[in-house]
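In structure tokens below, several structures.
Look at the two complexes coming up: subunit A is in both, with subunit B in one and subunit C in the other.
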Partner chain A sequence: MAPQGMEIERRNETRLTLGQALPYALLTVSILPILAGYAWVLIATFSQRTNGLLPLDAQGNLGGLTFENWAFLSESDIWKATLNSFGIGMSMVVGVGSISALAAYALSRMNFPGRKGFLGMTMVLHAFRPEMLLIAIFQVLLFIGGIPLLGDLFGFNTVGGVALVMVTLDLPLGIWLMKGFFDNLSWDMERAALIDGASRFRVWWEILLPQIRPGLAALSIFMFIQGWNAYIIPFTFTIGSRVANLPVYINRFSGDTSFVSWNKVAAIGLFQLIPVLIFFIFTQEALLNIYGGGSKGGT
Partner chain B sequence: MKSEAPATFTLHSRLFRAEAHSTFLILIAGPMATTQILSEIQDPRTGRGRWLLLAAGFVLLGCFFLPWLRFVITANDRIALSLTGLQAVTMPPVETTDGGLLYRSSPWMYLAPLAGIVALGLGLLTLRPGRSAPWHGLFAIILSVTAAVAVWSVVTAAQEIAQKQKVSVEVQWGLALTFMALLLFLISGLVALRDAGAQQPTFRAALDALDFMAPGTVLVIVFFVLPAIILFILSLTDLSSANFSEPWTFVGFDNYRRMFSDRFFPKILRNTFQYVILTLLFFNVGLALLLALLTAHVSRRVGFFFRLLWLLPRITPSVVYIVMWQRIAQQPPYGILNQLLGWLGVENQPYWIPEAPWVFVVLVNGFVGASFGMIIFTSAIEAIPADLIIAAKVDGAGDLALIRDITLPLLRWPLLFVVTYQTLSLLVSFEYILLLTNGGPGLFTTEVWALTAYKRALQTYFGSNQWAYGAAWGFVLVVIGVVLSVLYLRVFRFNDLVQEPKIDVL
Partner chain C sequence: MRVELDNLTKRWGDVTGADGITLDMQNGEFVAFLGPSGCGKTTTLLMVAGIYKPTAGEIRFDERVVNQVAPKDRNIGMVFQSYALYPHMSVRQNIGYPLKLKKTPADEMEKRVQRVADMMGIGHLLARRPAQLSGGQQQRVALGRALVKEPSLLLFDEPLSNLDARLRLTMRSEIKRLQLDLGITSIYVTHDQVEAMTMADRIAVMKEGKLQAYAPPNELYEQPRTIFIAGFVGNPPMNLFDAQIVQEGKRYLARRQGFEMEVPHKQGSRAVGKGQVVVGIRPEDISLAQNTGITGEVFVVEPLGRDNLVDVRIEDLHLFVLADPRQPLQIGDPVQLQIDGGKVQLFDPETEYSLLWT
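Moving on, here comes the complex of A and B:
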């Protein structure tokens, strides 16, 4: 719509100055709280304390640039939490990526009994992320925790268990996205390979996956962010600092009502935001597509 | 410990019987696994040779380890279960250096791995390539399951002894390795069965699909289907942290009765409606539509930039996001909003979140939720044929008329989609409310249904987790969610979405 619209707008340039400025003004004003929030994080991270968005030193004068909020980097707990967050993120990438790529291929290309049922179920689960099931998943994890070895890796209060639950909860989204990618690929090469006698698995691995690499990369980044940011599931299924991830670690400071060292919280928050923002900057278009595209099927 | 000998003796003998059982099984299972694997490797049509060779290694390793089960009652009252010995012929226990009793394995047990090696040789000599008989697979499955049950019984027996003697059980890695070997054995059996089935054209397609669907299906069953069933069963019990270690007692629909007669039930119901409707109306649909129209109206790059900015709340970690809002709302001189008001001359303002909790609950959720509708609406607006707009502009339509008469009518379906979709996700979401107000301030001021379920079951509530009661709250929500989503699938013509794939018709 833009090119045509612009031509007409150019013709009416003199009349539309206010009308043109209005959308920009509205867009800017509406996003202000978020910008203010981010600005506060950036400012507070490097100052002794803040009033509003003004950095202050201990005497209450403007200034007070400091790096002591970053002292937390020398604590071992933060690195444990970072490692756990990273582990959950990577499990999401590998788990959701591989499992949904497998299932989506079958759902996109094969006809088998139960296909429709499975698609319907994942669609329902995609429509509402059933966090209510956490109550029952708690029991499942307790049961898994009772099994030797498996319990140490995937039971209650383990990073593996958290990762497994997270992977499953995001699986419906992954499957639908992947199915969309596969549906858009042409059949020809694949069919030729099948007629030549290649196995389904080989076709999937050597012909289809290379073609959807950009989509796979976008999904991976999205899943990493999901895992890296995860709060409610790690918070529910872990106890203590050994298995806490970054959001749970931060919440231990910020959730404490009696005394909150806000500037330290800001610093840890920024520390957690760094990888998210890096991904955000480099994968903008893909992220926009995923956040909307995962459900494009409905329209 | 001596005085208790009669009581523990029967348990000990049970333990040893179980061990003998598993040894016997492994003596058959080892050779069976080997022949099975060899037949797979030699089959030139399947490309699974390499990983099955790996599986063979593990199963053989299992054959070595499984028979070597022993358990030690040491002086410091620990039973160590390890798989380094197995008493088919039990040797009398000897005293260890720290004064405990060591039950050792008999030398006869070296026979098990030996048998495995012999079977390997025999398999190499006798098996002909290219045939995968279904009974191979069946045997492997049955044997691995029974062997697992046998080993499991050893473990539980040991645990029982430990409980009677009030000592702790230490399960060591050898046991885990055995389970892993048995699992691989089971998988190789399933693969063999599958291959045998694939020789039949009727099963071929379904089995091909099964390969791809298996991991996803297992996870969906373990973490979606099973929990949904457990949630319902749980809601019929009275499980709480008070009677956690006892077996579940069923109380019928008491939890549901209690839920509906809860003093705060009407309040929570009202909160839920209020939360969903306000957030949906003002943000997830209202603001989303406004943003989509505005970003489509300004130049392409600026529009993209603003849409991108609106993604920020969604990708910000929830905990950090809430901290930002808390800082915005805080009392002077800390809060950003109050600083702004101060500059405008409005002094002595409060901490805004407890002051206007609902405003912030809706704001916080709305800023996250708006981007979804925005993206959907934007792609719908971009899909509107340019001819329509040009024609309207030629006819002299202004911007507002353009939006009212062309854009909005064409957005009918996306609108309906976003409304239904976001109603569902709002209904079950509680993470931001949990972090922002935790249902407060005061009693149930901002507590919504989903949060109630979560808090009752999983938050320590006056020193107790009421899992069963929380499950009742949660299950009602799950039922509502499922019913609504099925309706919504109907509306959005699900059948067109899942039309049958064409590639199967080669």
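Moving on, here comes the complex of A and C:
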């Protein structure tokens, strides 16, 4: 039955009536400005100058296609920045992912004094913009920097320090999201596993986590992108190219005193976008799932 | 295994889930916890399972107090209403999970999983995922998972509620048969009195967290100890109405407006002079008669197939009567009722306890 049904559907799709076509037309028109923006970025990275979407050379004539905007790829700083960005992104994935999966389980399933207060506090903390906390965080990072060993990893002007701050600031979101996923899982399944002989940790690891995998995947992607694109925190708490990440690196091209080469900025921007795009293509289903709120294939 | 519950109580703040439950189960006995939803039967079951910690009282397995023993160390198997299968595991992994946790060697595990699956008639489905099975098959997997570790106590939490009526009948007798064959002490929680009546050796009737009665099915049916049990056990339910028991010479009469019936001495003598009492009589103990008995009028006729359930109105009283479907009855027809007085139940409306059985 099912394949037949699908065929009928497909046949109908090819014969769109006007009423069905109209929404598509409207959507296409409304998305054009956005597409134009992306097109400009793409064209700009391969030309000396642009006028609208047209590539121009230095004299203002049509043409001037060039690879020289991509010359930054041969500098070592960009790769250092890429590595730093990647490091912050992965720290977010691992840090926020693991801590919030554990915390959310406890908050969702266990009853302990202060649970409600803790949940409320997390929500309130999330409402603070990171910018409001910059000075306080600076003090904390300086303090950590003074501790031997730990200071070199997580102190001021270290990638670890930036990652630490980023993870902390996004934990409330992660915990609340994951709590939502755990709340949707049936108690019976957990009880069954406990009776089957599993310890609390095994129940969490073997029975519950596999079922919120879509949620965990979506959270990971969000967190990676957040870390990868982080700007205000790395910009504030790092000095110099050794610890700069990509957005901070780009920022140096648009300094106050020098002439801005927008084409170069576009090229680096595009370079920065590539991993995110690849990530998204492979994981968009899981990513969209985070709003669906829960596991598929449950019984 | 013998199981004893001694004054078992569970409270969450002001809310009482189970209130002083005391009962004992013999080795190999099949006990049903029966009651409407929210009566505390599942709470009690989860305390026996070790999921809930009792607020007060004791749970003993073979004389050993297990209040503080973790669920995994109680050697119990449990079947849930929602089946609670692990959706990301195959049927084989689901059934084998308790064995895996016991670190059973792989080849022995395979053998035992296969044996249990064959016993449940799902041996050919081991590679499937739960989502690929029908409700009945899922329930068998859940049962297999509970049985595979050879538990000394089996717990059922409304296991048949999600199945269709036909399958429920089949599974009911299968579970009963399986329990008899294996001889595992079992607790079966249900709100369906037919399930409890047909399967259990003894039934614990619960209401609002309290144990109302703990007795074999027949006794529960013949000698209901409270109004609640009288109304809950049996289908169609017992007729319950207010009346006064009066003595006239040597006869005892149950009397209310437009209604009078004789009650045997054994019953009547216990209720006379108590003012208003609650009279209970089952529909099968009332018959339609010719030219004798209490006069009423047919209010509704509900065909049940084998019988007709007839709602007879006598003034403001409605009595349900089981009648032969071949007897032509129209709404509004006048009928005469013959009541088997020996089967009459009498209750105190204040305490709701029976005046006959204590």
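By our rule, the second predicted complex is superposed on the first by the 234 of 299 C-alpha atoms of A that agree within 3 Å, B and C clash if a C-alpha of one lies under 4 Å from a C-alpha of the other, contacts with A are read in each partner's own complex, and residues count from 1 in each chain.
Note that in this section contacts are C-beta pairs under 8 Å (C-beta built on N, C-alpha and C of every residue); 3 or more make two chains touch, one makes a residue touch a chain.
What you are looking at is a predicted structure, and each value in this text was computed from that prediction instead of being measured.
Of the two partner chains, neither subunit B nor subunit C is touched by A:Arg242. When the shared chain is aligned, subunit B and subunit C each come close enough to touch A:Arg191. In the superposition on chain A, contact is made by A:Gly52 with subunit B only, not with subunit C.
In the superposition on chain A, contact of A:Ile175 is made with subunit B only, not with subunit C. Contacts of A:Ser100 after superposition on the shared chain: subunit B is touched, whereas subunit C is not. Once the two complexes are laid over each other on the shared chain, residue contacts for A:Ile207 go to subunit C alone; subunit B is not touched. Judged by the touch definition given at the top, the superposed model places A:Leu119 against subunit B, while subunit C stays out of reach.
Residue by residue along subunit A, subunit B and subunit C are tallied for touches, and B comes out ahead.
When both complexes are aligned on chain A by C-alpha atoms, subunit A residues 191, 194-195, 199, 202, 295, 297-299 touch subunit B in the first and subunit C in the second.
Per the touch definition, subunit A reaches subunit B in the complex via residues 1-2, 4-6, 8, 19, 23-24, 26-27, 30-31, 33-38, 40-41, 44, 50-54, 98-100, 102-103, 105-113, 115-116, 118-125, 127-140, 148-150, 164-165, 167-169, 171, 175, 187, 190-191, 194-195, 199-202, 204, 225, 228-229, 231-232, 236, 246-247, 250-251, 254-255, 262, 265-266, 269, 272-273, 276, 280, 284, 287-288, 291-292, 295-299. Of all the residues in subunit A, the ones that touch subunit C in their complex are 186, 188-189, 191-199, 202, 207, 210-211, 295, 297-299. Listing the residues of subunit C that touch subunit A in their complex gives 46, 49-51, 70-72, 74, 76-78, 80-88, 97-98, 101-102, 129-131, 138, 142, 145, 149, 157.
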